[in-house]
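Chain lettering (A, B, C, D and E) follows the sequence in which the chains are written, and residue indices restart at 1 in each chain.
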Amino acid sequence: MKKRRKKLTGKDNDVKHNVGAFPGELHYSGDVTGNDIKITLIQFNETEYTEEVFYDVKSMHAAEKPDLIKWINVEGIHRVDLIEEMGKIYGIHPLTQEDIVHVDSRPKFEEYSRYVVAILQMLYFESSVQSEHLGIVLFTDTVISFQEPRGGDAFDIVRNRLRECKGRVRKMGPDYLAYVLIDAVVDHYFFVIEKIGEKIEHLDDEILTNPGKSVMVEIHELKREVLLARKLIWPAREMVMNMMRSETDLISETHTIYLRDVHDHINRVTDTIEQYRETLNSIMEVHLSNNANKMNEVMKALTVISAIFIPVTFIAGVYGMNFENMPELKSPYGYWITIGIMLTIMIGMGFYFKRKRWW
Amino acid sequence: MKKRRKKLTGKDNDVKHNVGAFPGELHYSGDVTGNDIKITLIQFNETEYTEEVFYDVKSMHAAEKPDLIKWINVEGIHRVDLIEEMGKIYGIHPLTQEDIVHVDSRPKFEEYSRYVVAILQMLYFESSVQSEHLGIVLFTDTVISFQEPRGGDAFDIVRNRLRECKGRVRKMGPDYLAYVLIDAVVDHYFFVIEKIGEKIEHLDDEILTNPGKSVMVEIHELKREVLLARKLIWPAREMVMNMMRSETDLISETHTIYLRDVHDHINRVTDTIEQYRETLNSIMEVHLSNNANKMNEVMKALTVISAIFIPVTFIAGVYGMNFENMPELKSPYGYWITIGIMLTIMIGMGFYFKRKRWW
Amino acid sequence: MKKRRKKLTGKDNDVKHNVGAFPGELHYSGDVTGNDIKITLIQFNETEYTEEVFYDVKSMHAAEKPDLIKWINVEGIHRVDLIEEMGKIYGIHPLTQEDIVHVDSRPKFEEYSRYVVAILQMLYFESSVQSEHLGIVLFTDTVISFQEPRGGDAFDIVRNRLRECKGRVRKMGPDYLAYVLIDAVVDHYFFVIEKIGEKIEHLDDEILTNPGKSVMVEIHELKREVLLARKLIWPAREMVMNMMRSETDLISETHTIYLRDVHDHINRVTDTIEQYRETLNSIMEVHLSNNANKMNEVMKALTVISAIFIPVTFIAGVYGMNFENMPELKSPYGYWITIGIMLTIMIGMGFYFKRKRWW
Amino acid sequence: MKKRRKKLTGKDNDVKHNVGAFPGELHYSGDVTGNDIKITLIQFNETEYTEEVFYDVKSMHAAEKPDLIKWINVEGIHRVDLIEEMGKIYGIHPLTQEDIVHVDSRPKFEEYSRYVVAILQMLYFESSVQSEHLGIVLFTDTVISFQEPRGGDAFDIVRNRLRECKGRVRKMGPDYLAYVLIDAVVDHYFFVIEKIGEKIEHLDDEILTNPGKSVMVEIHELKREVLLARKLIWPAREMVMNMMRSETDLISETHTIYLRDVHDHINRVTDTIEQYRETLNSIMEVHLSNNANKMNEVMKALTVISAIFIPVTFIAGVYGMNFENMPELKSPYGYWITIGIMLTIMIGMGFYFKRKRWW
Amino acid sequence: MKKRRKKLTGKDNDVKHNVGAFPGELHYSGDVTGNDIKITLIQFNETEYTEEVFYDVKSMHAAEKPDLIKWINVEGIHRVDLIEEMGKIYGIHPLTQEDIVHVDSRPKFEEYSRYVVAILQMLYFESSVQSEHLGIVLFTDTVISFQEPRGGDAFDIVRNRLRECKGRVRKMGPDYLAYVLIDAVVDHYFFVIEKIGEKIEHLDDEILTNPGKSVMVEIHELKREVLLARKLIWPAREMVMNMMRSETDLISETHTIYLRDVHDHINRVTDTIEQYRETLNSIMEVHLSNNANKMNEVMKALTVISAIFIPVTFIAGVYGMNFENMPELKSPYGYWITIGIMLTIMIGMGFYFKRKRWW
């Protein structure tokens, strides 16, 4: 039930935040508690690479080296004080801070004078579609990514590549790094719709072979998953589009083609989501129709039985009457003739119904 | 019933107003009566803060101080004469006055030479979606907000902040104040859809566990709420969009990012409303299908009983006939054989139906 | 039937006109016959006001005074010769003339070198949605409105205001007068959707309390009304939008805000129409579901009766058999035991079905 | 079946053409055979008018007079060689030639350096919606219209007007003539939707009074007609829109208002088609609901009969048992009391069911 | 099952690629295995034509002649190393390489400094809609087309034309060749929808004459085909649109009309797909309604039989009771009167039901 409540009505603190909060004041709206945070500072250029973990902002900030590209990954957007401290040091606008800590923020891209920020949702699939809030802030030589504490595995691949110096990412600027992070998130979207797709396939096979009783509920659950995925992914498309069209100097012109690529990927995901929605509707129609057909078959068969026996039972009833003067009863062949008539009627009706394909 | 009538056909005076009124002539179209009004004049800058309540326009106007930012909150748009008086003093265009007193006006943003005006609907949820009309007029150094008399609590939080000098609002211009008021209204939208979302969740749980008889009616009522909320919120999005794009000098360029934020919030609300609409449809389909299935189960079980007993009842009828010449009747084992045949038929049919999963 | 035929296939002469007519040739396509026409010439400025009725164009034209604003209301677009005469005198383009006399023209706004013209549909509600064709031609100092002869009451309010010199209309130019006329028409749209809304409300109450047999037909009729209203009102929105955006000198820049207001009104009407469409669908779903439920209840109850009595009837049948050797029959308590078994079976089944909520 | 196959899968040669043909190579894709062609050359100005019929291109071309406006109507797009010859003489681009002979081309307007071309579909209604392919090519002083051979009657009215020198068409340029031809085609669209509208009206009356068994099939057929009409007419709208916006010198600025008029006509047709689609859906819903209701009534009545007689039949069965010791049987009033109980039960159930409105 | 899984969840390696791959790193995502590749180098100008087959890139590249237009057809996008080699030699951007080898890429058109690339899907129909990935890269004097190895027949026609020097293709530049290749692909779309159309026609005939049990499943399968075709074709439209609007020098201005033509073709395909979708829905509605009607007929007939016999069976039961004092039993005509009453009841009910059209 919890899982479902989350989907429709957002995380718990949501209401309080929205109503009680003043614009620009920070209230974490997710459901993570505790004070654990972890700040990973990765500094690199084509030749150097260092990776350090800190548990407070100041010491991390002190460790930054001027000539390297810096990627600061902050796990712990539930610690509002931390975000505010980061905000002060790096000059992040309070509205941006709000978007970062508010886990239900809509994906968006915004330009500020000193930085640009992309807010988006990481999706993963654990029996249902789950989302995790992400904020990626891009400065001239620094990328800061903000995550919920449990997160992080989506970026592992990026980290590995940086370490191993594979790919172009070490050679290119922080905007390319930001793109790589967004690309990693969008790649996960495929994962999620793939999972939903498999479930739909499974359902599709099931309704044709051996539909269980809960098919409608499963369709309903899958529809909810699809609706949720659509709601979360759809604005990401707009976000990337705005990023592409942005005229900021922070994203170099030549890297726009990479964003175009991400945009195409999201388009493919949303195309697929639409296809799934319609497929689910079609599956539901088949299922309902199959159900109705099966029911009809049963009812027809059963009713045919009644229809065949009721008339002959009536005849039996007639000759079971106790009138004194019933000449047929005395006829020595009366019984056999009656039985014969009954069988004739039954067989006749059976044939008639058969010919009319009533069973 | 009253509640519902309101939703579909607007407040009572609506028709009369629309048909009988001449453009630019004021007729209050809400359902508040009485003459009670209340004008709150709040004047502040970064250091000063005064808050006074007046019950007529002139004395309020006399109390204004030139160097402070003024927020005039007028509770009482049902007193048309009051609005006209305000209009004359502050130079508010008759069409704007009309939009302010006409409680069914569509949310909109309009620019006039001396001011800009935002008309919108405050939503709250008291067993159903209720709306309250609001007008916010922004001058160079003054913000006038017009409300229905029962209203006001949505702005309490703003007032508290001003008093306590929390947040940025005391340091910034009247355009920021106007933004804060609009933001407070939009925050309430989340409240309302949250409530609807909870009801939908409740319904969703209910149909899977213990659906009552009135589920369809509840779905219908929720659909109406969702449709109403959509109708009221949708144009607000356009309103904020127009406000963002406006080139008026009254809204400083640097504050546009705040409006962008409000716009994102409304987008999130409308995304959620669409999700709710589809979820309600899906819930309805599950409910109808469950209903049909349950009915089918019952009918099948009952019909199977008939089908099993009717043939054997016929046999009993046959041997209940009173023919004189029925040799079986005289056989000492006739009865037991017949009983045996009957049981065989019944058990056979029972197995057959079982195997065919007819019950 | 007549009423309905009108809605879907247009007025009777429609086809003949469309196919046989040549562009720019006038054929009245409405269903008014007779030769009665009435031309009302109202001339006014801020101080003067004259109102004269004429029955031919020439004498009317002769009565025009150069310095006054002139409003010529022509009732009688069925008299094509009249429109042609007007066209020659005032320089109205043949295509405009055609739009004026063709009662099924789509609402539109068009600019010509010497005038602008607004074609629209007046709606009223007499047991169903009815429309009346209107053309408003605006010259530098003259407004000509063309109506079908039965029309006119929508403009009475405007006439009264002019006479009584109330409102701004006497002080302002002919473009304001044209706006006031269009506003009067759009105000009537609210009237019509209000009526439809009341009918929908009525239906909504009815289906929950005491649905009649004709509910589906009523829903169907209301859907037709809503579809018709939508078809007629929708293009009016575009018309006003074009009028707003027009760069003609005939409409002064400062009056555009009035058109913006009309545009908002039409938007509100179309929002409401969409809401009605969806509400009707929802009502229909509730109604169909209620119907099915009620039917299911009945069938279940009736079938339960059969299911309870059929097995015990079989037992009775068994002991009604006439075998000579049926030991139970001779037992002194056989009858009572049998009755007991029967009652046990019946009560047992009754309880079982009850527990399973089958009735 | 043939008729229908045409609708969904295009004319027979379609596939072969599409797959086998190379761009710019001509293959007639319609189903007309034979070699009959007919070229009508009409030359006119305000004072002169000549009309000649030719059966080959060269002699026709030789008969052209330089100072007159020329309208060449070619009946016979199935003769690809003819079109190629025309193309060479008049400088028509191969792609245009292809669009002309390919009878399933989408309506479109294209500008070439020396001419503009409008491709559209003439619709007529012969028990179902039929289409005929048309191409209208406009040069500086010549209009060439290409038709399938059976066609032509749509243009008769234009020809008559030219002959009789009625209307403006003789006084104006070839662009006006082209407009008049397109207008004649669009006027026919009204004809077709009028016919469909009548059929829908008929169906609507029928379902309320005396629905036949084939109502669903008729609705289905009408939906197909409406879908086909929409598919054919919709792109024509875009075509006229492109024509209006075209900046070609061949269409004089002052004639754009005529195209605007045609555009409005098509808009009206498409509005009506949408209305029809929704009306058909509504009719279907009413029909299905009526059907279900009627069925329900029957089933209820029949089941009530069973429910009333089954319990009393059971009682009769009890007293038909042959137990030796059944004291009631010996009671002199037993029979009458039993009959009384039976009647009481039957009447009681009858009343109960009646009160519950079960029949 | 395999076939279906492919449709919804993409080819097998898809997930791995998406999640594990880094942007710009190549992983073939199709299901072709083996190392077979085939590179066809066609070089031509208006007078010359050579065609050679190679099995490695270098020898092919060495065979290129500077003055001819070159068409390199690479069959074997599963060999990532090959694509990388081609990329190095011809300067193809890694993202383009990725789009080429990733067989589920969305159709798109992209401009790079040295070339433009069109990614699209070839469709063919082998019992279901199948797709094949294609990439067409256009340089100043070279066209490179990348295919999956099994492909190729779609381009046969182009090759034949080049060989036979038919059509314009030999005389025009490489951009025309690229257009011709795209046109060949789009022509195949007609093929596919034609096939689907035929199946829909077949189904449409079938449901009216002799619907099988699997009609719903067939409708479902066809819907899936239509959805898949739509998903694959829809973005191709955008692709061609982008190609038309592109301002690259590689596509000469005068060839844009050819792309306009392709665009029209795709539009026609998508129009038809929409028509199919709605037709399938309509067919389904007819089918479901027919099914329900047939069932209703059967149930009514069977229930009428019960309703007629149950009352008379009751009467028989009454006179089968064994009360000692039942005067009717002794009446000599009692039996005949009873039989008469029974027949009267049965015939009466029969007539009554007949008149009410219950059977």
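Annotations
Here is the rule we use: contacts are C-beta pairs under 8 Å (C-beta built on N, C-alpha and C of every residue); 3 or more make two chains touch, one makes a residue touch a chain.
The structure displayed is predicted, hence computed values, not measured ones.
Identification of common neighbours of chain C and chain E yields D.
The chains that touch both chain B and chain D are C.
Chain A and chain C have Cα centroids separated by 41 Å. A separation of 25 Å divides the Cα centre of chain C from that of chain D. Chain contacts: chain E has residues 292, 299, 303, 306, 310, 313, 317, 320-322, 326 touching two or more partner chains.
Because contacts link each chain to exactly two others and close back on themselves, their graph is best described as a ring.
The residues of chain A lying in touch with chain B in their complex are 1, 4-5, 8-10, 14-15, 18-25, 93-95, 98-99, 104-106, 108, 110, 112, 213, 216-217, 219-220, 223-224, 227-228, 231, 234-235, 284, 288, 291-292, 295, 298-299, 301-303, 305-306, 309-310, 312-313, 316-317, 319-322, 326, 328-335, 338-339, 342. Taken in their complex, chain C has these residues touching chain B: 157, 161, 166-169, 179-180, 183, 187-188, 190-191, 194, 197-198, 200-201, 204-205, 208, 257-258, 260-261, 264, 267-268, 271-272, 274-276, 278-279, 282-283, 285-286, 289-290, 292-293, 296, 299-300, 303-304, 306-307, 310-311, 313-314, 317-318, 320-326, 356, 358.
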